[in-house]
Amino acid sequence: MESKNKVLVGLFVGGCLVLFGVGLFLIGSANQLFTKSFHVYADFAKITGIQNGSKVRVAGMDAGTVIRIDVPPRPETKFRVHFRLAEKLHPIVRADSMASIQTDGLLGNKYLQVAAGTSDAPVAAADSMIPSTEPFDWGDLMDEISSAVKQVNGVLTAVKEQLSSTLTEVENVVRSVNVVVKDATPAVKGIVESAHKITGSLNEIIDGVQAGEGTMGALFKDKELYASVRRSAEKTEQTIENVREATASVKKITAKVDESDIVPEVQRTVANLQRITLQVKDAVDKFQSASGEGGVGENLQRTLADAHEAMSDLADNTEALKHNFFFRGFFKRRGFYDLGSITTREYLSKGFAKGFKQHRIWLESAELFSLDSKGIQVLSPAGKRRLDEVIAEVMTLPRNGPLIVEGFAGEGTDAQRYLVSRRRSSRVQTYIIDRFRLRPTYVGIVARGAEPVAPGSAVNKEGIAIVSYYKE
Amino acid sequence: MPHSIASNPQPWLSRFLLGVEESLGWFGGFCQFAGLIIRESIRRPFEFGELLRQVVAVGYRSVPLIVLSGLAVGSVLSMHTRSTLERFGAEAMIPTALAFALVKETGPLVTGLLMAGRVGAGIGAELGGMRVTEQIDALESLAVNSVHYLVVTRVWACVIAAPLLTVLMNFSGLAGGFLAEVIVSGTSFTYYLHTAFSSLAFADYIPPTLKTMVFGFIIGTMSTYLGYNASGGAEGVGRASTQSVVYSSIGLIVVNVLLVKFIFFLYPGGGA
Amino acid sequence: MTATENATPGAPIELRAVSKSFGPRKVLEECSFKVTAGTAFVLLGRSGTGKSVTLKLICGLIKPDAGAVFVNGEDITPLDSNALAVTRKHLGFLFQTAALFDSISVGENVAFPLRRRAEKPDPEIRNRAAELLESVGLGNEYDTMPSELSGGMRKRAGLARALAVEPSILLVDEPSAGLDPITSSEIDQLLLKIKTQQKTTLVIVTHNIPSARRVGDRFAFLDGGRLLAEGTADELTASENPLVRDFMKSQQAG
């Protein structure tokens, strides 16, 4: 009786224990417990739910489990995640294999992903550290972005305010000029009046004022006016610094992959600012040439040129954002063209503006630019007139494609050629956008650097080409 | 004491208080009995022969019930899982989902309830019968500690059998799930088993299986308590038997909630 | 308070002012008696007066509400099951209902206490159990299950089990109930034999007066929770109490 019971109990207990063991074995082998393995570790500031026993995959293949997590003793220290990897995968786990925390499909389990390394790097040693990337945390990124964007917005608002106050100053100057001019000689009055007739714009007024040198000189002797313009310039300078900082932030954001509604906002603000600085710059250009010798005008102009450049950086970075995987669709939907940052290679590829007709106008550098007192190439009045003519001609074509300003420069190093050609096209771009109220997103620049005038020629092209793409 | 309560002017209140007092007294007796079982468990000599006999009665003889129920539960769960997962095109997850459901909760709980039914009723009736026919007295008169001999062995048989039957239930359930699945998709059993266990961690497998030892203890203690203290002839035996099932089931379900919390506390996230 | 007092020497069984109630029902009230070693004490009384309860008190299966029960010189009232087991090793109990273990055979019932002591190898235990069954006239029933036995046969099997450990104290609850007169007297002979040969102290509950007279040395009549009378058979037959007298006589006639 008892011996029979022993057999039955043995059968029952043994059978069930074997089944239990089968379960243990299956789980163990799914966790790579029974394969030869080696240990490595990686540091994370945040482990987002990884725990002992979490799966580890090498290039997507189940490779082991997390065996221990050292909790940092101080907030600044990171969590150290120790894990086991199957020995057979050791050859592809290199010292530069990147560990990251990922989420598994349906059940949403967290697991550790280890990327295969590069063959240049040595095989990851046992018990060594491999590099890691912090888990992507949507919330954190949003925080970072919105604070950066807030900063940008704050800076930009400040710039705008200060620039507009600068503008007001300038306007005031012009108004005083007008008053002065009215009381001046009838000849001057006539010029001013004719200028008024040509256009009501601020620039033309100032153009007209250029004639009365004596009056301008008197104007700049006004100490109070001088001081106020000076103050504006300083403020602007300080603001530019801020813009630079903001630009750095934007760069950082762009490096990451994310989305925010504020991005187009930033871009709009940048565009506005660009226009404002351009206008201010133009106005100051006039003063510059009016006052002759280097003084307030030049000072202000340089500041504003810097401002414009800084702003372009910001614009570039914002532009980069548009190319970002996440935003591309977003910007496309809103009709943004990528002309702002089209690369020369892209531009010259067959794919660009396929199906469009091309109207090309060549302009020699000498026709357009003159050197200012500092030796910087600026658009000469004659150049501007020439551009006006050219654009007037372009405007007769249908405006349903991009307008590209190609820049060419043949002297100096490659970098200099590139920069000069870029500056030339950029100067023209800003002028025509402003002058003809073109949509900035439809006018692109391409710095083409050096190119021989004819195939095989030793002489390089110097100048710009305005290329209008259109469809009949 | 009951006298003072009974003299309460509100009859329903006094009846209620008497009920509460009675229940508390009953529960106190139960806890005392559980304590006695634990104390007697460590006293030598162990009743090894009787324990074997009880493991056969409680465990071995429950195998057909557990296997059949497991097959049924597994196939039904699998079919339901399929209809849900199909919508997401996630049929490949069926073994995993079934294993999760079975191993973590369904297996232990269904096994516990089945044991409460089969084993609880059996022990309640057996000990109840022995009590009213003076067999327990006879045992005592023969210098045998009846708690040590009858109760402790049965409780331990339940504690031993419960996790083993749970394992059996889990595998029968997976087999049932496989049978339901093989008709539809013709998968292989080894692949099925591997997928089923691939997403499980030891913390998903071992604690829920071992927690059924607590279920076994509750079933054993409850039914021996009711049977051992039965009175009132054949009717009393019947009462002890049905109450064993009812109270063990309730106890088991309540304790399960606490155990799930406790296991979650020990292995946070182990229950992803 | 009685626990500190000592038992009467030479009396392996003594009840001292024992009271026992079941709920509102008072079964024993300050009941006292003692049984001298090697004698047979016969407990008489109408049904439901507490005779079986008295036996269970002696065995320690029931705890008295008050008073002390001395068995072999020790007050067993405060003892738990494990301590009682020591006393019970020297004690045999034939229950009114026989109380055979119905999950094992008749022979194994008798062998059960022997196996518990595990003093002998298995074949010897079986032989001894068969011998005991033979002595109560159940030689052929070793492998029969208890449920297949008649009431009288169960009683005899129960007696065989109680005798298995050769107790120094034997409690017998209505041994001849349901037995034919011949078997009944055979049982009496058996009881007499163990009393005289093994010097076993007997406490017998019975309604069979002739049988009681054959075996018993002293008699007590239980009624209303007390011993109405105690003494030899003749003393009780001559009792002033009409109830006791009638009881002795009516049974004598029947």
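Note that the chains take the letters A, B and C in the order they are written out, and that residue 1 is the start of every chain.
Assume a residue touches a chain if its C-beta (ideal position, glycine included) is under 8 Å from a C-beta of that chain, and two chains touch if they have at least 3 such contacts.
Everything numeric in this text was worked out from a predicted model, so none of it was measured.
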Chain contact graph, described as a line, ring, star, complete graph or other shape: line
Label of the chain whose CA centroid is most distant from the centroid of chain A: C
Nearest-to-centre chain - CA centroid comparison: B
Averaged-CA centre spacing for the pair chain B and chain A, given as whole angstrom: 67
Rounded Å distance between chain B and chain C, as computed from the means of their C-alpha atoms: 42
Whole-Å separation of chain centres (CA-atom averages), chain A against chain C: 107
List of chain A residues in touch with chain B within their complex: 2, 5-6, 8-9, 11-13, 15-17, 19-20, 22-24, 26-28, 30-31, 49, 51, 53, 106-109
Chain B residues within the chain C interface of the complex: 43, 129-130, 133-135, 137-148
In the complex, chain C residues that touch chain B: 56, 59-61, 81-82, 84-86, 88-89, 91-93, 95, 97, 99-102, 112-113, 116, 158, 161-162, 165
Partner chain A, residues of chain B touching it in the complex: 49, 52-53, 55-56, 59-60, 63, 88, 90, 93, 96, 103, 160-161, 163-165, 167-168, 170-171, 193-194, 196-203, 205-206, 209, 268-270, 272
